[in-house]
């Protein structure tokens, strides 16, 4: 623990994330921007650190930020790879700044081991929701037939969990036959290619497709469209606007919304208010420092309503009510 | 040397570090604290893994080749280091270095014996290294046991008098590489190969062996970079070293070692890596907006390369 | 009329052309002579727009012109055949001939290959070369390529109105006698339209062909002579600034070799790609010349001995020890040195300095545990720079920037200082001027006296006869005749030619 | 000598033999591979890649290299999509203007690339690598990181309408390939690319304006990248910064696997077609035979080495870099 308790009136707010080319991270940044605006500051006050999928760049950028602003930093970060979380947190607490993390953290690392500086970690349990989308898919298939799964970058934690959820659901459907599981690296083009390959290998025995992300589902749908297949059941994950739109059209049967907009805002808010001294993280219980983010299953039944509420407008959030949407 | 060389010609070889000092000063003018020794030391130590990789790659570029496998070898190294740590302790480091050496040597053999251009052979060997990493990791991110990590590699993460040990290690590595380059037979031979390979062969040198050696060294350094990074992050994953490749190549090139070979060298790469580090850090100092960072990097890169490269030794610019 | 006035050129501090004044009248053939590095090629490149001069002016018919590229020069009727070959190897012959001037053969954006081939055939006929214009240039022999280059320059005749100026930089060094005669007749026939500048180190050719002779020394014109009254001796004196020893080949220094000490033996060696056996013995102190016409198979013998080619059968013994593996590294380890014909490619490493080049083949001797002793390397280089009077600013000079003769001396010093006992010389004086040649001949005698065995593929027959103890005449890859060459009892040119063709 | 030439002639066909061999192998393991439908699938994934690879072929023929394709494809794709949507959203209406517009953008980016390389005398590797970053940055700046959807059925018919089993985009790409072949073999410009690649200093000495040719080569490459971008958008109906992803190493690998030499002067667009097909057949075949995904990178690497090894005339090369 570094110079804990060194509070600053006006800490710099920074978000460090993977890239700007992905709808998910764009939503995170919008949330961050909304939070910054709620403080009466322009959006440009939010410092964007983009690591482009490189843990090395992630860490180096954060170090530079800390050398520039020292303890006066409130950082929200996805450390990109689980092992990168520790050096990030150590660097921040050494500088006496404040950090809140999402998604990637190893199990042996805990906010409460760093006094106030490591404010919180939010992650999402993807196993359950992924199991739910799989069930929606299997039901649409009539409980029988062959299914394929397209996964994210295989060593990424969400990819592992979403695959685990899918496998859990399989246990309950004995007549569903798992044809293949393959990583398509969250990539639309790669998913398109992999799906084409699956179509050759399994042909008509594919009756449903389980995708670990929306971006891959788009590639799958286009691969099917090229073959004139319009009614294959497909489910995905992330709840991107385009995917929700496709759910309303029935092209995707279900996706899971993890509310990146809220996550982007609240993670920055946690770090910021800890830095200003508005609350004292070490006084909070453990479940306020490591908690699960919200997940909402979006299906064809409720997609329209969901879209109106979360996509067409963003709900007004109270950025001081930190754990309002946390899953229990 | 010859007294009547023109001023620019004599200055040429100094352009890389002049460029470095200029970018340092530009950022320093924005915020003088940037130039504080402590800050610069920290900045440098953040770039240790990248520096090690770039130094290795310098040997291959120096003989006129390119190594695109470094990042994948580093990825593999993080996995191998993490999974072998419990059983081997410090020996994990040795294992990783040998693995890198072997992977690099394979690239070298494929390039020299099978006559596959290094651009392709190293890309392909990188694919193989990636597969090894994915397979060995079970496609998961792994983390090191804290006690074991401290026991085996604690010396690597510590500091003495404010100087991070990793930085000391990196400078030792640079010094060793520099010694190889300017004072040892392999270094001289690399230079000759980059300058005129047929003449090297006709002088009775087994050029192929030295070319394999250059690739092997590059592979070894890449693995070492992976090891240092893995220890710093205390874990491994087949994607942990993503994003190393292009900055490493850029560091070598900005330093003034052109892809044609025979010119430049390890010290140039040291400077090149520092330039990349400062340019990246400068984005924070100049508050470059998120969507403009890539453009900024690209444009600064062109300017830096345009000023650092020594065109007098390049008869043809391809 | 084409004129240069007070032209200056410097290359990175080297003053290459010093206030050169030069005039070519219509229909004139100018001979241009000078030592290696005198600046002949540079001067011609300035006229051709391939190199930009720093000061002075170029005048055509009294009007100043500024050629920014060879293309500008070509449009004004200036064409050049380079000293080094300048055809693009992967293109067809016809594409090479019309490179950059394809316009007449293009219709609707597409090249009409038939029309181009026809036109190309016309040009090839001028140099009496009967090949398919669609042949890929790299498939031609060296001499054929030289003729194609000439044909390419002659294409200016149809392309450009008015007078032509054709620059020929050492066009004869690779041609056979017949081909040289053909070239001369073409040149003479073209005088009606064109004037020529002709560079050669063979002064008899120069006197034979040209009207006036410019002598260049160290970048300045030292004399302009009328060819009718010129003689080789005076020109040489002017070029070098000293008298040429009448004992050109240092025959006085030819000592008998050691009959008992066989350094190298080829025993029924079949050279790769050829049907025939070669057997020979090289003794300590012997100079053995291989003579034959271009393409007779001399070079493959040298390359086989040096390990660059693998013999198909037979044995090769070095000091009695049969060789099993073949590689240059192996040969060098057994004390063989090779001075290649393509000096700029295989001889020196440009971009490396003098001492780095000299120790390239013997780094083992200048290092301990892999660590180089740079002080010793520099001392070696300084010693040999002195011994061979190599013209360089210092041992740090980049060998790529040296003139041909000095480069060759560096290559020779590399092998000689490394203590090679068997030295293979492939056209060692190719493209060298008299001064440098005499130095090389002296070195050959020195090596011979020191017990080194030398196999020589000479530039000219005279050179082979003058230098050697023994001559082997090669035809179709096989040794047809041996001659003994003791001083005073040397075979004549005629004796040799008889067996060559 | 003759035997030597015969081998040379045969070697030209090696990449094609490798392609056939790979197809046979995958067919033996899984007969489904050998079907019109699967070939159509391979064609779809190969089409954008083919255009990009053809573009870079021109640059490689000159002995240069271009690493800017990811940026150029991204910029062209998003500008094309924005223009198409802004002009009414259908190529039946004014939207078609987006197509020449995208080609112009590609040409302009290529020109910048070529000019930075030639005029600042920066080797093409570094110039194009840096400009690749700039291109990706530009597309990010334009889209703000968002995706642009195209649902003009007429435009998407490139993917959805089939003739003799293959989608229209395959025929369109073939047409572009023929144009590329014409440029390469029957225009002065194309032949001059070979001249520059064969021996640049000699080409210059023969009076060619090598700098201008280089710039033209990069412009041409840019136009083909733009075509690749349009096909990539047609294939997925999405234009985004990611549209350019993975083209860099894959296209250059394809070019080399097809038998075009990186040192320049040999090869051409037909080689590139074969190379792109080899790479895409491997990609498809590995999924079709059910190879575990963690082995796919390695197996691709091994097969690429094997393909280049087989198609290289090693006698003629003393060494490669």
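Assorted remarks:
All chains are identified by letter, namely A, B, C and D, in their written order; residue positions are counted from 1 within each chain.
Operating definition for what follows: a residue touches a chain if its C-beta (ideal position, glycine included) is under 8 Å from a C-beta of that chain, and two chains touch if they have at least 3 such contacts.
Model, not experiment: these values are computed from the prediction.
Counting C-beta pairs in contact across B-C and across A-B shows that the higher total falls to A-B. Work out the mean CA point of chain C and of chain D, and you get 44 Å between them. Chain geometry summary: the mean Cα position of chain A and that of chain B are 33 Å apart. Centre-to-centre, using mean CA coordinates, chain A is 34 Å away from chain D. For chain C, no residue reaches two or more other chains under the stated contact definition.
Across the assembly, chain A contributes residues 20, 29, 154, 183 that each touch 2 or more other chains. Contacts with at least two other chains are made by residues 140, 144-145, 294 of chain D. The touch graph of these protein chains has some other shape, matching none of line, ring, star or complete.
Looking at which chains touch one another, you get A-B, A-D, B-C, B-D, C-D.
Residues of chain A that touch chain B in their complex: 20, 29, 44, 47-57, 59-61, 63-65, 67-68, 81-84, 86-87, 104, 106-108, 153-157, 160, 183. For chain D in complex with chain A, the residues that touch the partner chain are 30, 32-33, 35, 37-38, 40-42, 44-45, 140, 144-147, 149, 159-160, 167, 232, 235-238, 240-242, 245-246, 283-284, 286-290, 293-294.
The part of chain D that touches chain B in the complex is made up of residues 62-65, 116-118, 120-127, 129-138, 140-141, 144-145, 200-201, 249, 252-253, 256-257, 262, 264, 294-302, 304-305, 308-309, 312, 314, 317-321.
For chain A in complex with chain D, the residues that touch the partner chain are 19-23, 25-26, 29, 154, 180, 182-183, 187-190, 192-194, 196-201, 203, 218-219, 222-223, 225-228, 242. Listing the residues of chain C that touch chain B in their complex gives 12-13, 306, 308, 327-333, 338, 340, 342, 345-352, 356, 360-361, 363-364, 367, 370-372, 374, 393-394, 396-397, 414.
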